[in-house]
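Please read the structure below before turning to the comments.
A, B, C and D are the chain letters, set down in written order, and residue numbers restart from 1 in every chain.
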Amino acid sequence: MNKQVDLKGKRVIASKHVKLGQKNRKGQTYTDVNDIFYKAEQTPNFLTGSEVIKEAIRRASVGTSVAYPITPQSEAAALIGELYAEDYLDEYFRGESEFAVMGQCAGASFGGHRVFTTTAGPGTLRAMENFPMWAGSRLPIQVCVTCRGINSPLSIQPDTLEMHYLLETGMLVWHAETAQDLYDYILKGFIVAEQPDVHVPIAVCCDGFFVTHTKDTVDLSPEELCLTPYNPYESPVTCMDMEIAPYRMMRDPFVMKSNYINYSTHASWQQEIKAAVERSRKHTIALLDGLIDEHNSDREILIVTSGTAVSQSREAIRLLEEEGIKVGLVKIKTVRPFPYEEIKRATKHAKHIFVPEFNVAGWMAREIKSTIPDNERVYCGPHVAGGMTMPSEVIVEEIKTHLGIKTAQNSR
Amino acid sequence: MSKEKIQICEDLADIMPPEYHKLVESATFGNQDRGWKDIGSSTELIEQHSLCAGCPESIAFRYILASLPAPEDTVFVGSTGCTSLVFPHVAVHNIHSLFGNQNAIASGLKRTLKSRFPDVEKDVVVLAGDGATVDIGLDMTMQSWFRQEKFTTICFDNELYANTGGQESGLMQKGFVAKMAPKGKNFEKVRLPEIAREAGCAYVALLTVSKPNRVEQVIKNAVLIAREVGPTFVQLYTPCILEIGKQSMEGLDEMKDSESIGGRFVQKEYISDEAQKLLDSIKIETKERKKAAKEAAKKPVNA
Amino acid sequence: MSRMNIRISGLGGQGAVTAAHLLAMAANKDGKFSISNPFFGAEKRMAPAESYARIGSERIYDRGELVYPDVIMIFHPQVITMQKSYTAPFYDGIKENGLVIINTTDDLLTDEDHKRLEDLNVAVLNHDATKLALEIGKTELSTNMAMIGACAGITKIVSLKALDGAIKDRFGKKYVASGGTATLDEAIKKKYAKKEMLLKANMDTITKSYEIATEWAEKQDLNLVTV
Amino acid sequence: MSHYEVKAGPEAFLPPAAATMGNILPDPGEAHIGGKIVPEEEAYEHAARKILGAKVPTIFPGPLVLWKWNDHVAAKAKAIRELANEVPMRLIPMADYRPKYPKIDAAVEINPNHPNLTIWHNKIDVCIFIGVHCHQANLALKMIRASTNCYTMAMCAMAGHEDACLSFRDADLEKIQRLTAAVKKLKAEGVEVQANSFTQFQMDRSGFVVEPVN
């Protein structure tokens, strides 16, 4: 298991690109990602999550975006179309299904573009075969996953079960709590995913509706600054444009027949993808200021979770505090790479660890249980699913009940 | 890119194995008039293949590679199947990804190359089997035609799934007994050329690979029309001799039989008006270029 | 810390989502913290549509369906009569000393409903918002404006000035929430011919409704939360 | 600091990728030796000593320096040749990454899908990768560590390689020349080359011009 990378305060090496300081055709200045976030003034805006996705992409120097409608990401995908109409992107079109869209994204990425797309729920699962292919082909495509239910019966409402399916695809998987996170993660995600030592796809996930359709205050960096463009030759693999050696080049070689290769090639290939995800820690810690956020994590009772469940927990902690019950919080920002060491350290003093989740499987609790010692401390829940909301009061109730504190409901 | 890029660094040239020297020295990269006759001498094509002995697909591969107008600026997209065993040996960038999404990959790739290199013709050519093109990938094949994506789709039609051992495919003829069609296939061979035409292809050709000059002309037409006009489709009969119970030497006869009158692969071509105009103008240009070259050769060097 | 949670239940096409967004935007302009979000099924006219505005004195994290509201607004009688609502009865979860505003001319509540709400000291205003919309806004589509005005008049959760600013932000510039909403906006814009007229008509509707509601509130013995 | 030391193998049937063991790549100005981050300066000397102490020191130039796809790589190729001549080291090319059919000739080439064959055949005990795409280099480096006793080094033009026993990063022309200079310096200080005598093979399109002789 990995050791913790301590790199707080470091700058990510993002932009040694020649175009730094030059202007693009829209008059935006190619700017180092550190300067966009830490030097430029951030202005508050009151926007929905979908509008925030658009604003992030406006500043992201994206080459290609491919769209397909599925609630709740349709709006974001359509808004990116408006950016294309305004000439912020080189290519944009609607594909015929998520499986095809992810293939079209792969083609654009193979050809050397920075690529962004969005998906949600059943669409994510239809696209699924492409994700390990992206990772194995070292394509740093970004997909924004606006999570919703995937099970039958149909639900278009928030549910984070689909993230569970992404965990072993070889992609980076980040989980935004709010629209602010979403904005930051989209822009920073490109930079981390495109590092030559990382260079794997990234899924920036958020809970559909709770983030995409919610209007919230978000600090945006100036519209005149944009990310430095992707450099397809600063890559661990050959760009497929016949401009770079070797010319006798297949992406990816059909490492299947044992008379050509040792099977350890295939195994090593998979290990290399995993290694690439691990290497992202260094850059992610520098840009996101750590893979987790902690608030009073020295307390005996802790809530550890990600996404909207963090927001609901913040309110629950407020309510508990009013009753004199002190609870700490650990927010997990990246699910892949998983912050094993960070969580182990942050939960060292906890006697009770609650993991509220917006899915029936409780996959986040399983991840945490497999990480920390004395894992009987972990209480899996509360859970909601299929679009149900998780009122803070329910978290409060469940924590109290588990701790044996009487409440109006549990004493009924 | 230009063919000048495909060079070996002088200081390390002497340690490069001979095949790479051959690749550089005798390749037809950049030669406008390259064609099937170069297959004996040009090692950018395929030196070795890993298909069954006598497989018509291997010769189809060689004809196609020799006929590309600009291999130094061409990228192939393949799919799962026998073809993917050949691709690693081809001196053109090529992508293997999944089964069925080859035309989706090619759509994204072609658009990106066009956007990154607006002044260079970068050709994208899809080369996949009938299972990938018609069965698992039909929606993506057709949707790329609907969208008028400017690349060439080539289907190696062997009328079954060869790589997995001879199962029924949509392009199999009716009545043929195969794995997964134990009582014989009970519907007609899918009429893909007609579908291609209706779906918006500017150029469609159906033929066998028995005659190299025909293959050369069709491939050149398809790639050049795809550059200027719109999507193009070429369906080539490359029988799987193994799965139809023939010997290594019998592939050619099988193709000749099937293309004779009344056969399934009598050569068919559909050319849109716009595509025909383009072909006519190319014909005139080529004629004039060759004539000028001839006259230049006649003149004394110091004149 | 203080917080007012507002739940809006309406039907698709009535502007319930816009109403919540406007309230939250206005609160934001008044220097309060706010967050708003919608909740709906497949997009369809006349299907249930809910939206929520949370307004508070400190940063708000809570989001999603609002289960325990202080204020409930019912934009359409069918929410009650046809149970076109995600929560049934429509006032389920309402907090003590809360407020219910219903767009109706008639009393739609059963005796049982009245009893329950009285027990919780919840005030109920039957407000003919659609009539106001037709009279002042000259279109039924301004119903949501009348409802917002009533909410603000009673609760004083947002100022009229801030609502004016929010409306200018929302309708004053090109804004495309989705194809459907864009079409709706276009329909309204055509009716008024000029954007300025639309803005004014909306604001007039809000203001009139605000005045009526303020007058009503003064006669009640309300004990609502304040932010 | 890392607890996982990247040593010459043979290590295991399938050794882990060093990155998953917590090894971190160096920052600009740094290098790593065995997984330990060191100032780049230190790595030049360490690498030079390893090369001079080896019986069969070998450079594996990859496609990015074998093919003249821009002028900078032509200059790099020259510098690589100078390094090889200075020691002297063997040069064995990795011309591309395809699984080769019917087989690779392990005496005169290396393939990332079967790198151990070349190491075994030529009894290579110290090697340097230069100009190989990072992904392919990592596969090869790890497989070499799995089943051979070769000490691996990487002159990476990007972020470096944890799976090598020693790695530079951002390796441009100047850094290759600095390694050559480090070798020269040690030789001047009296460090003797331990390499077996050999003849660098040379080829042209008809085959061997000079056959490899050990």
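Assume a residue touches a chain if its C-beta (ideal position, glycine included) is under 8 Å from a C-beta of that chain, and two chains touch if they have at least 3 such contacts.
On a predicted model such as this, the values are computed, not experimentally measured, just so you know.
Asks: Per-chain C-alpha centres versus the global one: which chain is nearest?
Replies: It is chain A that sits nearest the middle.
Asks: Count the C-beta contact pairs for A-C and for A-B, then tell me which is higher.
Replies: Looking at A-C and A-B side by side, A-B shows more C-beta contacts.
Asks: Based only on mean CA positions, could you tell me how far chain A sits from chain D in angstrom?
Replies: Spacing between the chain centres: roughly 36 Å.
Asks: Can you work out the whole-Å distance between the CA centroids of chain A and chain B?
Replies: Measuring from centre to centre gives 40 Å for this pair.
Asks: Compute the distance, rounded to whole Å, between the mean C-alpha positions of chain C and chain D.
Replies: Computed value for the inter-centroid distance: 70 Å.
Asks: Listing for chain C: what residues touch at least two other chains?
Replies: As it turns out, chain C has no residue touching two or more other chains.
Asks: Please output the residue numbers of chain D that touch at least 2 other chains, ranges allowed.
Replies: 66-67, 69, 95, 98-99, 101-102
Asks: I need the residues of chain A touching at least two other chains; which ones are they?
Replies: Answer for chain A, listing residues that touch two or more other chains: 238, 243, 247-250, 253-254, 257, 260.
Asks: Chain adjacency by touch: line, ring, star, complete or other shape?
Replies: other
Asks: Who touches whom among the chains?
Replies: Pairwise, the chains that meet the contact rule are A-B, A-C, A-D, B-D.
Asks: Any idea which chain D residues touch chain B in the complex?
Replies: 61, 65-69, 73-74, 77-78, 80-81, 91-93, 95, 98-99, 101-102, 105, 108-109, 200-207, 209
Asks: Would you pull the chain B residues touching chain A in the complex into a rising list?
Replies: Residues 1, 5-6, 23, 50, 72-75, 77, 84-85, 87-98, 101, 104-113, 115-117, 122, 139-140, 143, 147 of chain B touch chain A in their complex.
Asks: Please give the residue numbers of chain D that touch chain A in the complex, ascending.
Replies: Contact set of chain D toward chain A: 2-3, 14, 16-22, 24-25, 27-28, 63-64, 66-67, 69, 95-102, 112-114, 116, 133-136, 138-139, 142-143, 146, 158-160, 162-163.
Asks: Could you please specify the touching residues of chain A with respect to chain D in the complex?
Replies: 1-3, 5, 13, 138, 195-197, 199, 234-238, 243-250, 253-255, 257, 259-262, 264-265, 267-269, 271-272, 274-276, 278-279, 282
Asks: Note which residues of chain B are touching chain D in the complex, please.
Replies: 5-12, 14-18, 20-22, 25, 48-50, 88-89
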